[in-house]
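Quick one: the structure is below, and I'll ask about it shortly.
When the chains are written out, they are named A, B, C, D, E and F in that same order, and each has its own residue count from 1.
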Amino acid sequence: MSLTVLAVGAHPDDLEILCAGTLAKYADRGDRVFMAVSTNGEVGSPTLPKEEIARIRKKESETSAAIIGAQLLWLGYPDEFLYENEQTRLRYIDVVSETRPDVIITHDPECDYHPDHITTGQLLWNTRVMTTVPNIKTGHPPCEKIPAVYFMDTVAGINFRPEEYVDISSTIEKKRRMLAAHASQGEWLKNQYGTSYIEFMETCSGFRGLQAGVRFAECFRRSPTFPANIEKLLP
Amino acid sequence: MSLTVLAVGAHPDDLEILCAGTLAKYADRGDRVFMAVSTNGEVGSPTLPKEEIARIRKKESETSAAIIGAQLLWLGYPDEFLYENEQTRLRYIDVVSETRPDVIITHDPECDYHPDHITTGQLLWNTRVMTTVPNIKTGHPPCEKIPAVYFMDTVAGINFRPEEYVDISSTIEKKRRMLAAHASQGEWLKNQYGTSYIEFMETCSGFRGLQAGVRFAECFRRSPTFPANIEKLLP
Amino acid sequence: MSLTVLAVGAHPDDLEILCAGTLAKYADRGDRVFMAVSTNGEVGSPTLPKEEIARIRKKESETSAAIIGAQLLWLGYPDEFLYENEQTRLRYIDVVSETRPDVIITHDPECDYHPDHITTGQLLWNTRVMTTVPNIKTGHPPCEKIPAVYFMDTVAGINFRPEEYVDISSTIEKKRRMLAAHASQGEWLKNQYGTSYIEFMETCSGFRGLQAGVRFAECFRRSPTFPANIEKLLP
Amino acid sequence: MSLTVLAVGAHPDDLEILCAGTLAKYADRGDRVFMAVSTNGEVGSPTLPKEEIARIRKKESETSAAIIGAQLLWLGYPDEFLYENEQTRLRYIDVVSETRPDVIITHDPECDYHPDHITTGQLLWNTRVMTTVPNIKTGHPPCEKIPAVYFMDTVAGINFRPEEYVDISSTIEKKRRMLAAHASQGEWLKNQYGTSYIEFMETCSGFRGLQAGVRFAECFRRSPTFPANIEKLLP
Amino acid sequence: MSLTVLAVGAHPDDLEILCAGTLAKYADRGDRVFMAVSTNGEVGSPTLPKEEIARIRKKESETSAAIIGAQLLWLGYPDEFLYENEQTRLRYIDVVSETRPDVIITHDPECDYHPDHITTGQLLWNTRVMTTVPNIKTGHPPCEKIPAVYFMDTVAGINFRPEEYVDISSTIEKKRRMLAAHASQGEWLKNQYGTSYIEFMETCSGFRGLQAGVRFAECFRRSPTFPANIEKLLP
Amino acid sequence: MSLTVLAVGAHPDDLEILCAGTLAKYADRGDRVFMAVSTNGEVGSPTLPKEEIARIRKKESETSAAIIGAQLLWLGYPDEFLYENEQTRLRYIDVVSETRPDVIITHDPECDYHPDHITTGQLLWNTRVMTTVPNIKTGHPPCEKIPAVYFMDTVAGINFRPEEYVDISSTIEKKRRMLAAHASQGEWLKNQYGTSYIEFMETCSGFRGLQAGVRFAECFRRSPTFPANIEKLLP
C-alpha cells in the first residue's frame, strides 16, 4: 500500500539539504511525494533583486522536484519574515487538506534555530490535529486521518537529537542532483560559509551515515504530540 | 484561611480532564474557585455550526462549574486561533486582577503541544508578574500579591514531567460528573480517538494515581519564574 | 526472515509487566524469543524464606515463558544486590553470545530508578559492542553482528520518555496470563501498593495505548550508542 | 585588536543587573561598547505616569552608560508589550547593522521567563544571520561578519545553566555605580521584593563568583546557532 | 503529628552547608531529627593526620547536632572513598530501619559532582523501597512505610535544578552556629576557595532566598522514584 | 606562559580520534602535553592474542605521541574491564599529581556510551578536587591548583552536546599521521564499521568544522564541577 508524503521546507533548498535522500527513497518505492516550500527564498542572492532571485529559485525547485517525480507546492511567503498567524495557520491546514498525507516531514520547531524553519515546523505541528476538524473551513474537505509528523535534522546538525535514521546510500546520487539544481546558491554560500554546498551536504549525510553504520543517512525525530504515531512510516 | 484559585483552560472541557479533581478538592475545603475558558470550543462538533456548538458548550461549562460551586469566566476567543498579542495579554491581566487569585492553574507552555493550550499557559505565565503593576491599566486595580502558577498535566500525559501530585480519590466522582456535563463531546471524541472521554480521563487519573501510590491523582509542575513560589498551595 | 529476541528483566515479573505484550507479538509472528531474568526474586515475599520463594518464582517464570513459547534463562543473581563487575559483565556477554539476538530489550539505565533494573540495563548496554569481540572469551563464540538494544518502560512510567510504541491490543490477553503466572506476587503487591498487580499492568498498558491512539500499548526508547540501530526491529 | 560589543537589555536596568561588570571589563581594555534598551521601562513606577517615568529612566540609562563610556541606544518600545514582528525584526537588524558588533550580549530566549526579555533575546538570535544579507534592506549596509551571540544570566539566576563565567571582581564597583544610576527603581523594588536592588545584584554576582572561585562573576551561555562561534570573545 | 527526619551528608559539614536551616525548622516545630554522616572527613585538614582530624570533626558534628537537639549517626567510612556495594547498601538500609524516618534528605545523585555525595545520595535512593522488605535482614525490623526522599542543593548550587524552597530566615542564625561548630574547617577552606565558609554559606542561602522572595532559603528536588511522594513533607 | 595538558583516553587510539588536533595545537605553541591511555587495548584485534596486540598498540601509541612531542603514560588496565574503585581512583590521582596539569581532557562520563570511556572520564572528574588534598597519599605531592577539566567529543558524536570548538585546520595533517600510527586497527575497524578509520575521523572532524564555520574542528564540553573553570584554556 503506497503512502502520500508531504515535505515542507522553509526555503527552496532546505528539503534538498535535510531530507531529499529520504524523499527519493519514498519515490523510488512508488510513494507519492509533495515538496512544499514556505518562502520565495528571495534573500538568497547577494546581487540579484528579490523578484528575480525568487523566480530563479522557483524554477530550480521545480527542476529538483522533477528528479524524483515529486509535485512542488510554492507557498510564496516572504523570506526571513514568515510568521505564525491566523492566515498562515489556515493556509498550512489547507496545504495538508489538499495533499492528504500519511506522513509530514518538516523542520524541528524545538531544535532548529532559524526563525523561518521554526515557524514552518510549528505551523505543521500546530495544525496536525486541526486538519481533521470539519468546523475549520479551508479550500478542501478535512482529512480522514491525523498524519504522522517527523522533524528533520537541522542545518549542520546544530542542536539536533536524532531518534531515527534512514539509510540514503541508494539515493545519495539523486540527492546530490536535486541540490545541484539550486545552482544559484553555489557561489554565494561558498563565500558565506567557505565550503561548497554540495560538499556541505555530503559531509552532513556522511556523518549521519557514520553514526548509523551506513555510508549516508538522514535523521529524524518524532513530534511529541497526542496521539503519538505508532506506525513505522519512514522508508 | 481560605484561598482563591483561578484555573484557566483553553477549551471548554480541558479543566475537567486535567485538573477538576484538584479544583473540587479546593472547593470542598471552602476555597473560592474560578474556572476560566479561553475559547468558545466551536470546533468541537463534526456536524453543528460554530455558533450552535459554542452556545451548547458554554451551557455545559456552566453546569460543570456549578457542580463544585465554581464561577465560570467565558473568555470567548476563537477555538484553534488564540494568539498572544497586546489585546489578549491585557485581557488575561484583567482576568487575574478581577479574580485576585492566590493560585493559578493552567496549561504548561513548555510541555504541552496544542497551540491554544500553549498560548493560554503562556498568557498566564507571561502576565504573572504584570498583574501587580500599577502602570498597566485594565478594568481592575492591580493585585497586591504575585500569584503562584502551577502548570497542569497534558492530554494523555504526552511529554509532561510531573513534579507534584494531588490525591483526587475523594473527588473523582465529582470530576466524572463535571466531565460528563460536556455531553456534546461524547460521541465525536469516541469516533476520533476510539475511546469514551470519561474512560480516557479515568485511565489518565488512574495512571497518575498509580504513580503516586493512591487510587486517582492529578499532577502538576511549578512554573519556573522569579520569584519562585515558596508556599505549598496545592490541596 | 525471522528475528531472535532477547529480553532481560531484573526480577521474575519485570518482563511480564513491561514488555510481555511485545514479546508475545514477536512470538506470534514466528520470531524466536528468549526471556532472561537477572535475579532470583527472593525478596518477593513477606513470609517465605529466600530459597523457597526463589524456587516458586522460577517455576512461575517458566510457566509464563511457556505461554508464548519463549525459552527462559535464569541467571540466579541475588535480588536487590546485582552489581556491575567483571564477573557479571562476562556473564551477560555470554548470555548474548549464547542467544545471538537481533534485538535486545531490557531496562533503561538512564530513566529507571531501581538499582537492579539499572544494573541489568547497564550490563546489556555496556556489553552491546563487546559481544562481537573475539578477544573477550566466554563460553560461546563472539556474535557476527552488534544487536539493537531497546530500553523498555519503567514501572508506573516514572521518569520514562517514550520514543516508540508497540500496539499490544492483540496480545494483551496473553500478557495478562503471563503476569498472572506470577501468582505468588498477587497478595503482597496488593498490600504494598494498594492495587492488584494485574490491574496495575492494565492501567499502564491502557495509558500507553491511549497515548498512541490504540487500546493497549507498550513503549520503548532506543539506546543512544554507536552505531545507532537503523533497522526498525520492533513488531 | 579591539572589539565592538552590543549589549541589548529589555528594560533600562537589565544590563546593569546582568552583565554590566563584563561590559565595564570590555570598556576598560579599550573595546567599544553599545548598550541598547528595548523598552521605555514605563511600568517601573508605582506612582509616576508613564511618560514621566520613561523620561527619568532614559536619563538614568545615559548616566549609567557614561560611567563606562558606552553609547546608549534607546529603542523606545512599550514596556511589557514588546513583540516579535516584521517591524521589530527589521529594527533589530538595523541596530546590528548600525553598530556592527563582533559580540552581542542579550537575554536568553530559552532560559529566561519574562516576555520582554525572551522577545529581546529572540530578536537578536533570530536576526543574527540575517544581519549579513544584502536583500534585507535597513538604514545601514549589511554586516561583513556574523556576530557571536552570548546569552546573559536571568534575574535571580532562575532556570539558567551557565556555560562560561567572567570574573568581574575588578569592575564590581563600576557595576554598582551603573546600577545605582537607576535611582528611580530603588524604593519600588525594595517594596516589591523586600531587598535593595543593589544588594540583590551583589548577592547574585557574589553567588556566581563563588561558583567560579572568584569574588564576583557574571555568567553566560552561547547561543546554539549555525555557525557556532569558535572564537573566545568574552573578556 | 510529628515527623521523623533523617538527613544524610557525605562529610561532617555537608548538612550544615546544604540543609541545616531546614533541619532546624523541623526541630523547632517538634519533629525528631537524625543527622547521619557517611565519612570521617579525614581529608579535611592540610596538616593534621587522618585519625586526629577525624576525631576532631566527629566532636564538631556532635556540637552542631546538639544545637538543634538532633541525634548524630557517624557511619565512619573513609573520606573520598565511599563506594556503593553490598556492605554499604545493607548498612544504609539498616540506618533507615533504625531511624524509621518519614522523610530522608540527602545529596542529589543526579545533579551533584562529588563522588562521596553522589554515592551517599545513591545509597539512600537505591534502598528507599528496600527498607520495607522483610527478606532483607539488617539489625532492625523492616520499616512499615516507604519514606519520602528529597535531594538537597549542591555545593555552590552547581548544576542543581531546584523544585521546592524552604524559607529558613527564622533559623539562619542556628544554621550559622551549626556550621561554625566545624571550626577546624575555617582556615583551610578559606585558603582553598578564598572565602570564609560562613560567608560562603550565607551567600548561597541568600541567593536561594532571593530566588524565592525571602531573606534566606534552602532548595530541594524530589527523587524521581516509584511511588512518588504525594505528601508535602518539607517544613 | 606555557600550559601543561593531560589528555586521558580509554583505548590506544581514542585521543587520536577525538582530540589529537587540539593536542597538536597545544604542542605547536609550546605547551607541554601528556597523553595517557587507560587500557592495553588488547581486544583490538580479531586474530592476535592479547599480549601481542597490547605490545603492538603500545608501540603505536608511542609513535603517535612522538609526532607532537608528547609524553605517553601507559596505565595498563584490562581493555573493556576498567572499573572505578579505590585502587584506580588512587592511581588516577597519582597520574594527575605526577603530571600537574593546568588542563585535563578526557572522555565525557555523561554523554559517552562506552564503559571504559565513561569510567576513564569519571575517574578524572571524581578526582579533580582530590588532587590538591594532602591527606590523600600517592607517589607524588598534592597539586597546588585544581586543574580545569574538559570532556571531549564521543565516537561519531553520538549523544554529545558541544559547548566549545577548537579549529584544528592547521593540525589536521598531524592528527591524520597520529591516527595512522595505529596501523594495527585499520583493517579490523574497516570490517567492523565499513569505513577506514582515517576517513571516519576526517568525516567527524569535518562535520565539527562545518558546525563552527572552519575546515576541521574538535569540540568539547566543560565538566560541571565546583569550582567552575573561569579561564579560557582551550587553544
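Simple rule for what comes next: a contact is a pair of C-beta atoms (placed from the backbone, for glycine too) under 8 Å apart; a residue touches a chain by one contact, two chains touch by 3 or more.
Bear in mind that the values here come from a model prediction, so they are computed numbers and not experimental data.
Asks: Using the touch definition from the top, list the chains contacting both chain D and chain E.
Replies: Shared contacts of chain D and chain E: B, F.
Asks: Look at both sides of the chain D and chain F contact and report whether the same residue positions are involved, with over half shared, or different ones.
Replies: same
Asks: Of the other chains, whose C-alpha centre is the longest way from the centre of chain A?
Replies: Between chain A and the rest, the longest centre separation is with E.
Asks: Find the chain most remote from chain D, comparing centres computed as mean CA coordinates.
Replies: Taking each chain's C-alpha mean as its centre, the farthest from chain D is C.
Asks: Quick one: which of D-E, D-F or A-B reuses the A-C interface, over half of the residue-numbered contact pairs in common?
Replies: The A-C interface is reproduced by D-F.
Asks: Go ahead and note the Å separation of the Cα centroids belonging to chain B and chain C.
Replies: So the centre of chain B lies 39 Å away from the centre of chain C.
Asks: Take the average of all CA coordinates in chain A, do the same for chain E, and state the distance between these two points in whole angstrom.
Replies: The mean C-alpha positions of chain A and chain E differ by 52 Å.
Asks: Round to the nearest whole Å and give the separation of the Cα centres of chain E and chain F.
Replies: Roughly 35 Å separates the two chain centres.
Asks: Spell out, as numbers or ranges, the residues of chain A touching 2 or more other chains.
Replies: Each of 156, 158, 193, 211, 213-214, 226-228 in chain A touches at least two other chains.
Asks: Give the pairs of chains that touch; include all such pairs.
Replies: Taking the chains two at a time, the touching pairs are A-B, A-C, A-D, A-F, B-C, B-D, B-E, C-E, C-F, D-E, D-F, E-F.
Asks: Please give the residue numbers of chain A that touch chain D in the complex, ascending.
Replies: Per the stated touch rule, the residues are 42-47, 49-50, 53, 79-81, 83, 113-115, 154-156, 158-159, 192-193.
Asks: State the interface residues of chain E toward chain B in the complex, per the touch definition above.
Replies: 162-163, 165-167, 211-214, 217, 222, 226-230, 232, 234
Asks: Along chain D, where are the residues that touch chain E in the complex?
Replies: Against chain E, the touching part of chain D is residues 156-158, 193-195, 200, 203-204, 206-207, 210-211, 213-215.
Asks: In the complex formed with chain C, which residues of chain E make contact?
Replies: 85-86, 89, 125-126, 129-130, 132-136, 223-228
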